[in-house]
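Each structure below appears as structure tokens.
Two complexes follow with chain A in common, the first pairing it with chain B and the second with chain C.
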Partner chain A sequence: MMDYVDLVFLIMGISALSSVLFTFLTVKTKDLMYAVVFSSVQSVAYALIYFLLLAPDIVLVYVAVSVGIYPLIVILLVKKVGRYEVVT
Partner chain B sequence: MDIELIKFMFMLTTISLYFNVAISLYGVVSKTNLVKKLIALTIFQDTVNMFTILIGYKLWRPGLLLQPPVLTDLSPTSETLREFVERSVDPLPQAFVLTAVVIGLAVTLFLTTIILHVSYHFKTVNVDEIGRSKRVYIHEEAV
Partner chain C sequence: MLRDLVFASLLVIIILALTYLTYSGGLGDLPPRDVRVIASNYLNLTYNQGITWLWAASPEAVTAIVWDYRGLDTLFETVVFYGAILAALTLFRSVSKVPEFVSSAGLSLVVKRVTAIVTLAILAVAASTALHGHLTPGGGFQGGAIASVAPLLLLVVFGKQFFIERRISYSKLLTIRNASLALLGFTSVALLILGFLTGFQAYIFQNQAKTVSTLSYPPYLLDVPLGGSLFFFNLFEFLAVASGFTLVFTILLSRDETLRKELEGEELGY
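Moving on to the complex of A and B:
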């Protein structure tokens, strides 16, 4: 029988697993633009965990910083320095 | 309320955060591109913030229902205050993390500017090529 608390912890575990997957994809990929997108998806998973850990005041700051401002800065930087990671 | 499932999912969350620490530190150390190092460093920073939040978390046992840590009684007695302290999470790590997120944004902006200047100076952001060109420069000066 599923309870409310069970559901909270189930969603927390699933989003933690997906954050591991997206961290791996971020480190793995050679395209820096894809790396930024994967990193912000991982930040969405972290924001969900923050909310389920009863810290909604951090979610207000964290979503704006980590999904909004930070990919904007890094995308501008990637536009300047070149998109693809060169393997030597 | 299934205690085993809750314990398993909480353990799964903690172990996933440890895996995130491992993967992002691998990215910081092993990748040669500076932008990739920056992205991995921010993931590492967020994971450390998440550990700090996990310290302050407390699952409220007696009433089963997770309530927000807000006191709704306008004239609280000592009984309601004790019950409130039992069910509310610790706000001190949340205040720390709220500061750390904003400082982390400032550090990220600073590192972005440094990477941009390195890119203008060396025409690349690959640390191996930067080290090679600096070695060539030192060799030419010595000769």
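Moving on to the complex of A and C:
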């Protein structure tokens, strides 16, 4: 029998694992725009973990920064250095 | 190929090791069965109407700790954040003085209408997060960070011309930011100054009356808990963060030539 605490920890584990997967994709992909999107998805997984750990104060600022402000600044950077990573 | 394999297997090993440590009790009982002494003290005192000489008059314990019990720490944190923004503004100081002539018409009509509605919603959420920071989770920094997404969307979707036409200028934003910072500092010493003038004893970052000093911010507005100075700290932090972020965005979204001109000669050391 699974009580709700186990369920919460299960969801936290799944989102932690998926955040590792998206971090891996962020590092591996050669298209930097995709890298920004993968990195944002990883941040959303972290936001879910913060929420389940009962830290709504952190979630409020984390969502705004990681989904709004951080992708913008990185996209501005990508615009200046070029979209595709060149392997030499 | 070999590199990828090593990278992936390292990740798996780290995950398995952390899982083993956590599962075998490395972090103690999860979830913890008791509340630590310091936490239970804060929870017991923050809105305890029986012990009003130790309370913060705010039902939200996190905001009470951030801006009252540990207020000085937060002040220095704020100073670090504004130092960073100040450095960015100083680095590109002449960008603000060059009037930019942008002919950007922004994106299509559909995107503009949707963005207009979403912007209103974002600002409403930001205001409620900041102004109810002493009642519900949230606070000045959270509200300011949410609010700064709105001008960001407007800058991208409507183009910079939209801001220029509505006279939302660099110097106005800078004035709002500086004024809110000054008011934030004033809020922390207001009761101290009042104490000097009236001859009562008071101290820096005083919120509610204590046994040794009877001066106090109002704990209630009408019949709603106000949290004393917490409300003012949240309000000014909200304004300062929102205008500070907006300033940095307007600079970052300037034209490439303008920004590059500013950094010319960097390699020679001046």
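The working rule: the second predicted complex is superposed on the first by the 88 of 88 C-alpha atoms of A that agree within 3 Å, B and C clash if a C-alpha of one lies under 4 Å from a C-alpha of the other, contacts with A are read in each partner's own complex, and residues count from 1 in each chain.
Basically, a contact is a pair of C-beta atoms (placed from the backbone, for glycine too) under 8 Å apart; a residue touches a chain by one contact, two chains touch by 3 or more.
Predicted, not measured: the structure shown is a model, and the values here were computed from it.
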Touching partner for A:Leu17 - first (chain B), second (chain C), both, neither: both
If touched residues of chain A are counted for chain B and for chain C, the larger one: B
Chain B versus chain C as contact partner of A:Leu72, first or second or both or neither: second
Contacts of A:Tyr46 with chain B and chain C, given as first, second, both or neither: first
Contacts of A:Asp57 with chain B and chain C, given as first, second, both or neither: both
Set intersection of chain A contacts, chain C complex versus chain B complex: 5, 9, 17, 20, 24, 27, 56-57, 61, 65, 69, 73, 80
Parts of chain A lying in touch with chain C, wherever the complex brings them together: 5, 9, 17, 20, 24, 27-28, 56-57, 60-61, 64-65, 68-69, 72-73, 76, 80
Residue numbers on chain B that touch chain A, as the complex places them: 1-2, 5-6, 8-10, 12-13, 16-17, 19-20, 23-24, 26-27, 31-36, 38-40, 42-43, 46, 49-50, 53-54, 56-57, 59, 64-66, 68-69, 89, 94, 97-98, 101-102, 104-105, 108-109, 112, 115-116, 119, 125-126, 128-129
For the chain C and chain A complex, residues of the former touching the latter: 4, 7-8, 11, 15, 30-31, 62, 129, 137-139, 141-142, 145-146, 148-149, 152, 156, 245, 249, 252-253, 256
Partner chain B, residues of chain A touching it in the complex: 3-6, 8-10, 12-13, 16-17, 19-20, 23-24, 26-27, 32, 35-36, 39, 42-43, 46, 49-50, 53-58, 61-62, 65-66, 69-70, 73-74, 77-78, 80-82, 85-88
